[in-house]
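Presented below is the structure to which this report refers.
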Amino acid sequence: MIDLLTIFVLAVFVGFEVVSKVSTILHTPLMSGANAIHGVILVGAILITGRAEGGPELALGLAAVFLATVNVVGGFVVTDRMLEMFKGHKR
Amino acid sequence: MIDLLTIFVLAVFVGFEVVSKVSTILHTPLMSGANAIHGVILVGAILITGRAEGGPELALGLAAVFLATVNVVGGFVVTDRMLEMFKGHKR
Amino acid sequence: MGIPAESRPAERRVAALPETVALLTGAGLAVDVQSGAGRHAHVPDAAYQAAGATVVPDHPAGAAEVLLSVQPLDPERARLLREGDITIGFLPPAAELDLVRVLVERGVTSFSLDLLPRVTRAQGMDALSSQALVAGYRAVLVAAERLPRFLPMFTTAAGTVPPAKVLVLGAGVAGLQAIATARRLGAVVEAYDVRAAAAEEVRSLGARFLELSLETQSGVYAAEQSEDFLERQRELIAERVAASDVVICTAAVPGRRAPVLVTHDMLKAMAPGSVVVDLAAESGGNCAASAPGEDVRVGEVLVHGALNLPSSLPVHASRLYARNAANLLLAMTEDGVVRPDLDDEVIGGCCLTHAGRVRHGPTGELL
Amino acid sequence: MGIPAESRPAERRVAALPETVALLTGAGLAVDVQSGAGRHAHVPDAAYQAAGATVVPDHPAGAAEVLLSVQPLDPERARLLREGDITIGFLPPAAELDLVRVLVERGVTSFSLDLLPRVTRAQGMDALSSQALVAGYRAVLVAAERLPRFLPMFTTAAGTVPPAKVLVLGAGVAGLQAIATARRLGAVVEAYDVRAAAAEEVRSLGARFLELSLETQSGVYAAEQSEDFLERQRELIAERVAASDVVICTAAVPGRRAPVLVTHDMLKAMAPGSVVVDLAAESGGNCAASAPGEDVRVGEVLVHGALNLPSSLPVHASRLYARNAANLLLAMTEDGVVRPDLDDEVIGGCCLTHAGRVRHGPTGELL
Amino acid sequence: MSPTWVQLAYLVAALCFVLALKGLSTPRYARLGNLVGAAGMALAVVTAYAHGAVHNGPLILLAVAAGAVVGVPAARSVKMTAIPQMVALFNGVGGAAAALVALVEFVEVDGSALFDVATVLTVLIGAVSFSGSVVTFLKLQEVMTTRPVLLPAGRFVGAGVALLGLALAPAVVATSSVPLLVALFAVGLALGVLFVLPVGGADVPIAISLLNAFTGLAVAASGYVLGNTLLIVAGTLVGASGTILTRLMAQAMGRPLANILFGAFTAARAAAAGGEQRTVRSGTVEDVAILLGYAHSVLVVPGYGLAVAQAQHAVRELAQLLEKRGIRVDYGIHPVAGRMPGHMNVLLAEADVPYENLKELDDVNPGMGSVDVALVVGANDVVNPGARDDPASPIYGMPIFEVDHAKAVVFMKRSMRPGFAGVDNGLLYHPKTTLLFGDAKDSLTKLLTAVKQL
Amino acid sequence: MSPTWVQLAYLVAALCFVLALKGLSTPRYARLGNLVGAAGMALAVVTAYAHGAVHNGPLILLAVAAGAVVGVPAARSVKMTAIPQMVALFNGVGGAAAALVALVEFVEVDGSALFDVATVLTVLIGAVSFSGSVVTFLKLQEVMTTRPVLLPAGRFVGAGVALLGLALAPAVVATSSVPLLVALFAVGLALGVLFVLPVGGADVPIAISLLNAFTGLAVAASGYVLGNTLLIVAGTLVGASGTILTRLMAQAMGRPLANILFGAFTAARAAAAGGEQRTVRSGTVEDVAILLGYAHSVLVVPGYGLAVAQAQHAVRELAQLLEKRGIRVDYGIHPVAGRMPGHMNVLLAEADVPYENLKELDDVNPGMGSVDVALVVGANDVVNPGARDDPASPIYGMPIFEVDHAKAVVFMKRSMRPGFAGVDNGLLYHPKTTLLFGDAKDSLTKLLTAVKQL
């Protein structure tokens, strides 16, 4: 538990530090990218569904898998589209 | 073990990020401050000495405690002295 | 219509250039230009011809229906004009009452650029502004030429020369341009004007505004000041005048004698070698000692009374003037016919005489 | 030691001011100043007295042991000098051979500021530089005064006036200052010089350097160029001269006739009203048409041959010169005695005659 | 405990996510960062499937396929302008998924109190995130009004629901009751709605960002529930970076966060007092910096205000910086700009602006349509379309720079006061116009810094 | 496993260390950061003592007291110039302590293979760090030569010892033999010495920084040995930040790291060919920004380079920015700066520098001692102390700005080339001097940004 807490604390720091100097123009793509990343809940959804022995758990689990997948794929694709504008302007 | 590895990886990131934009004038104080921090081995030294049942382990442990203490206190004090130049200038 | 060669002494401008002739002929007007009209502005007769004008040997008064000139006609010449003829040019009525009488008598419709309303719409015709621009620029050159010192600062192996201090009195168009030019040359400039808006305008050119404890005026033009006011003003500026190497005077009140701001005593307090340039010399002078067109020495101070400074930059002064005049004329022209609409704020505003009557109130009173 | 009132025509400078007199008396020298010496620089006799000088009614030649002047003495005056007397001032030997003969004959030790080595240590004595600074500044004012156009650009309601184009030929001290001053007034400036270092120096003032496909020279001074070189140079700059409103010529080769860079034909190709100011007029002129001290018209182009331009800014030119001269004199003075050390690079370098001999090689050859 | 290879794979995935966020923070590596993130995600999902899908493998694959079929085309086809609401929606479903996962785990497993706390947090935050996101979606899609919605006594309703949640949460932990947890889920949904309703249209993106951070926290909490380090790390990363990001976004809009979220209550009252006002749009320095920094051609129109502010050096610096980025910058010099003929010439010559860059009316007006941004620096009358369009205007007939034909207009002035002629300028209220209030020199200096940081 | 409260205390301590490093990276919070670090350390030590000193409590206290008695006065009394060697020494004892801890633990506990690997690493790295630090100390203290020491066939000796270590390490893991571990310790000591010997005097600080990072890693490894998260986190933090820092320091000296550490082999040959070289110190824009931003009084000495770079506007901007921070800025205008009389006047007037700020030699030189930073912008001859001190110099006798009497000097120029007079300038090699290479305008523009971000 304490190890997990330590991990949590360190991850907070990493999260803070990594974005602390981002320029305004990247706010939206960054938000969208982060949004895709929390779609990692898909992993959790797969795990519980994999354990589910049918019934409501299975249904709910599958729903969670579906929703999380939407989050993940939609998130990454939409972020990529937003970032197309940086293709032309190299520096 | 893997948790410890995760902690290690995250700590590496934090270490990298935190100092990545430091200005040259702070290089030496920062090095010295970091130097003081690794004096935390004192904790380890205390722990092993606290367990030591006499004999060479105790002697070595006490030596470790002594050395680590020198590292810690000397490190912090010397860093503080270096940083005195930043006292006057408030903003 | 006709463009005369200017005949007044020391007048080197001309009321039209080939480029404006082209504009006017383009609008359907036939343009006669007196031979040699452009000689000081370095425009040969041939250039006028190339632009579509006819070069005529004599003054076009009496021959052309519309006369475009810089300076007012001589009264004798004006007698040649016919009823309904139109004249356009500078014509300060108070100084030219004889001419005004002739114009009334002959039934001439005369427009004076001195009377043009200073409204936004009329800016393209505003010859007072364009010529004041020239005067302000030249005033600084005249002063720099006569000053036995540098205007800019120099730090050299032979010691440091401090920048000259220039004081500009009156920050109208000419005054502002003088400020800008003196600053360009590296002088330290301060200025004063009675108009409330002037302080910000002066600062907008990087100069210091002299804050005096005097009432300020609002409005585009300054109103005449009481002798009491002027007395206080002189007292307050005396010390700044004494501290200046160059004083450039441009204070004016339209239609009135210029206020006297710099007295003999103030001149005596200035450092030897200092220079005063008085742009108001022709209307009485801001400096008590100034005489138009002359360099007067008061002790070791030189006072230059400006006489028609714009004329000393004939090419560009003519260019700006010609464009102003053409703009005004074009505003009266429709389908190749000049038909001034005297109800128009701008055109009516600068019409001095029409159909045997003086249209400008104050002038009517003077007559 | 003595300070004469300058007697050459149109010379308005003076070789000492009260501030330098104070320096010299402070070093233990007794200073005689001829009455009226400072009148053009606006320095009254009383001010000299206050600084510790004695005002004498006559030219101090023959009375003082050291003579500090701006211009060289007249040969007749020089005959009054005694063996061992010292003179310091401008003295271009090639133009003053008569004087040099007299100085040799009388055994006078004469120092010419024209010969001062241009080394770092001598910068405080470098009167050529300080007076060239004045000349460069004045040259632009002279040109601006004579140009019938504006130098700066103006966008106005009566149309836009483009900035004047100024070409500076020769970018020594005077040329650089001319560039700076013309840029200050808002002109578009380009310049050319044969020295390799000049390109960067010109650009360092924000002006354009004319890149010509000609060999460049290294070194502080330009060496004399072959007629062939000059011919090619004239060809290459002809087009730029024609495109310019103002040409300021400052090209010189020490001790030689100035190179002719602007020919009559080139003048004819310039726009009417353009102005050429030739600072080299006194040493033969960079412009074929120039005559020192005169405004020559070639077609509709005006060529001003400069004659002693520094003299037209007497207060500051004197101030810089006086400081230069005093620095040189002080470098020769020890314990109140003037005892020049002719082995010193600087002092020996500018010593023209001493103990009956000409010390300056080229001059020796000329005699 | 999962086998080591699984944990190692998760660790690598976590690493990818850190690098993804890092990349996304710099324009140059943003795209790459996103791809790295996606790769990490793929690794994590494949690992989870290989190791964890003991049962129901095909069903899971089906659900994933369904999610992809819905998500990819939606993300592909959405219009650029509708992207914010799309992000909101994706965020919402992520929150919902987290809540569901925790719910299912709660049903399946009987864990410790700490486990229950984590579950409660996941469900609550996930629900808030879900319903809040849906409401923001509806707002942005303009299905519902974009103005702040104030329920009567909204504050009290909000407080009431929050209290209910506070009461339920310990009850769930104490009783481990599934129905109570479902009730808590419902409370979360209500809270999410109540939270977003009062947020005004312009501030919705900030709300989205905050909800995004919430979802991150929900995922992290679910990581505790499942004892899965990857979820903890990834969720925390998003939670932390999302929080910082929200603050940065609020700062960029020049408003403290609290104001945006709860400001509607006070602001609405103020609006009721004033009469009908033409609306103006005032932007931040960063907005303008982006407008300029990504333009191809900029026209600077200086006026008297430039002179008053003595901002000639600053404007030249900005122009040079833009030119370095390959942007074409011209200066439009109006014949009567300033207060004396040639006023602008004097200033700009002093600042060494090359003469070639100074353009007159006729040089510029015909091509105004291809100017991306007209930057009006302390000018007013000389760009007033009334001089062209309104015969009743006292300045009618004066030629103007027709910057209203440019693609965007930025006005730098200190207030809504008129210029010399004293007439109102319709361009200030034009939808194309962004106002940047403040002294021109200050604003330009700030712009300079902002453009440098693009 | 330790009780939760202990672990929590360790976590808080770890947090303190992160914050300490963060603080130490910004001038404003550097001191505070150090204090936070010390506080964290105190917490950790007290916790360890309270929980872990089951036996030998008094002895431990005694050892701590002894350490404090030695460390504090040493740190207090050391001269500022001797601080680097002091840091080296502290670092060395830390490394030794880590090695000892691992050694003792190895003796006391019989752990897994992973445990043995961690032990081996700790002992080896700790030993390297210790002996390396001692050698750097001796070098800096000038007990031994500061020049690179090249043993005959040094490379082969080094490689041999390294191979020996590589052979011993697995043997230790395989056999768990204490004597072998001690042998490994000895190998580590030898490696440390061999590693530092070839490093030249000026590069020693970089070596110290690297050894510092090593010690961090040793501590982290010992954390694995002891299963202590705090040691892992703190050690890793130091290891990671130390590595980055080492790279930054090497960059600041303009040399790739590999060059510094192993360059001696090649460099020594080159040095034998060339003559004695004087060293210069070149700084980064950020260094100079900090120097300026925290000064009280700055003197700008412009020269011909300012004109060449046309940097007059940029220097004025920078000066104004500094003035806004309450710093007094003057311009020292030398009579012959530039290439014509008044060259600087023309430029600075164009940039609207107020005349009052222009100071001459006599205004400035007497008070030069109280100038914090003399910023020499493209000037050279006019600040050359040779003109004052060296009668053989061709410019001897020219008055100069005596900026060598200011507290610090910053030179902005593009290269080491001399100025107009063509004579070398000793001030460039002065210990007070920081060189900022590059076009003056570029450098000033960057400085502007950097100062804004202070």
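All chains are identified by letter, namely A, B, C, D, E and F, in their written order; residue positions are counted from 1 within each chain.
As a working rule, contacts are C-beta pairs under 8 Å (C-beta built on N, C-alpha and C of every residue); 3 or more make two chains touch, one makes a residue touch a chain.
Keep in mind that this is a model prediction, so the values were computed, not measured.
Q: Kindly list the shared contact partners of subunit D and subunit F, in label order.
A: Neighbours common to subunit D and subunit F are C, E.
Q: Between D-E and A-F, which chain pair shares more contacting C-beta pairs?
A: Ranking D-E and A-F by C-beta contacts puts D-E first.
Q: Subunit F and subunit E are one sequence twice: same or different residues at the contact, by the over-half rule?
A: same
Q: Please flag the chain sitting at the greatest distance from subunit D, going by CA centroids.
A: A
Q: Taking each chain's centre as the mean of its CA atoms, which one is most distant from subunit F?
A: C
Q: Measuring centre to centre with CA averages, how many angstrom lie between subunit E and subunit F?
A: 41
Q: Take the average of all CA coordinates in subunit B, do the same for subunit D, and state the distance between these two points in whole angstrom.
A: 72
Q: Return the distance between the CA-based centres of subunit A and subunit C, expressed in whole Å.
A: Here subunit A and subunit C have centroids separated by 74 Å.
Q: If you average the CA atoms of subunit A and of subunit E, how far apart do the two points sit, in angstrom?
A: Inter-chain centre distance comes to 18 Å.
Q: Among the residues of subunit A, pick out those that touch two or more other chains and give their numbers.
A: 1, 3-4, 6-7, 10-11, 13-14, 18, 21
Q: For subunit E, jot down the residues that touch at least 2 other chains.
A: 18, 229, 233, 310, 335-336, 341-342, 346, 349-350, 352
Q: Considering subunit D alone, which of its residues make contact with at least two other chains?
A: Answer for subunit D, listing residues that touch two or more other chains: 123-124, 129-130, 133, 152, 154, 156-159, 161, 184, 186, 206.
Q: Let me make sure I understand the interfaces: which chain pairs count as touching?
A: A-B, A-E, A-F, B-E, B-F, C-D, C-E, C-F, D-E, D-F, E-F
Q: Would you mind writing out the residues of subunit D in touch with subunit F in their complex?
A: 119-121, 123-124, 129-130, 133, 173, 176-177, 180, 184, 197, 200-201, 203-206
Q: Once bound in the complex, which stretches of subunit C touch subunit F?
A: Listed in rising order, the residues are 152-163, 186, 188, 206.
Q: Show me the residue ranges of subunit B that touch subunit F in the complex, using the header's touch definition.
A: Listed in rising order, the residues of subunit B that touch subunit F are 1, 4, 7-8, 11-16, 18-53, 56-58, 60-83, 85-89, 91.
Q: Where on subunit F does subunit B make contact in their complex?
A: Residue positions touching the partner: 10, 13, 17-18, 20-22, 24-28, 30-31, 33-35, 37-38, 41, 44-45, 47-49, 52-57, 59-60, 62-64, 66-68, 70-72, 74-76, 78, 80, 83-84, 86-87, 89-91, 93-94, 96-98, 100-101, 103-105, 107-108, 114, 205, 208-209, 212, 215-216, 218-220, 222-224, 226, 228-245, 248-249, 252, 283-284, 286-287, 289-291, 293-294, 296, 325-326.
Q: For subunit F, which residues are in contact with subunit A within the complex?
A: Within the complex, subunit F contacts subunit A at residues 4, 7-8, 11, 14-15, 18, 229, 233.
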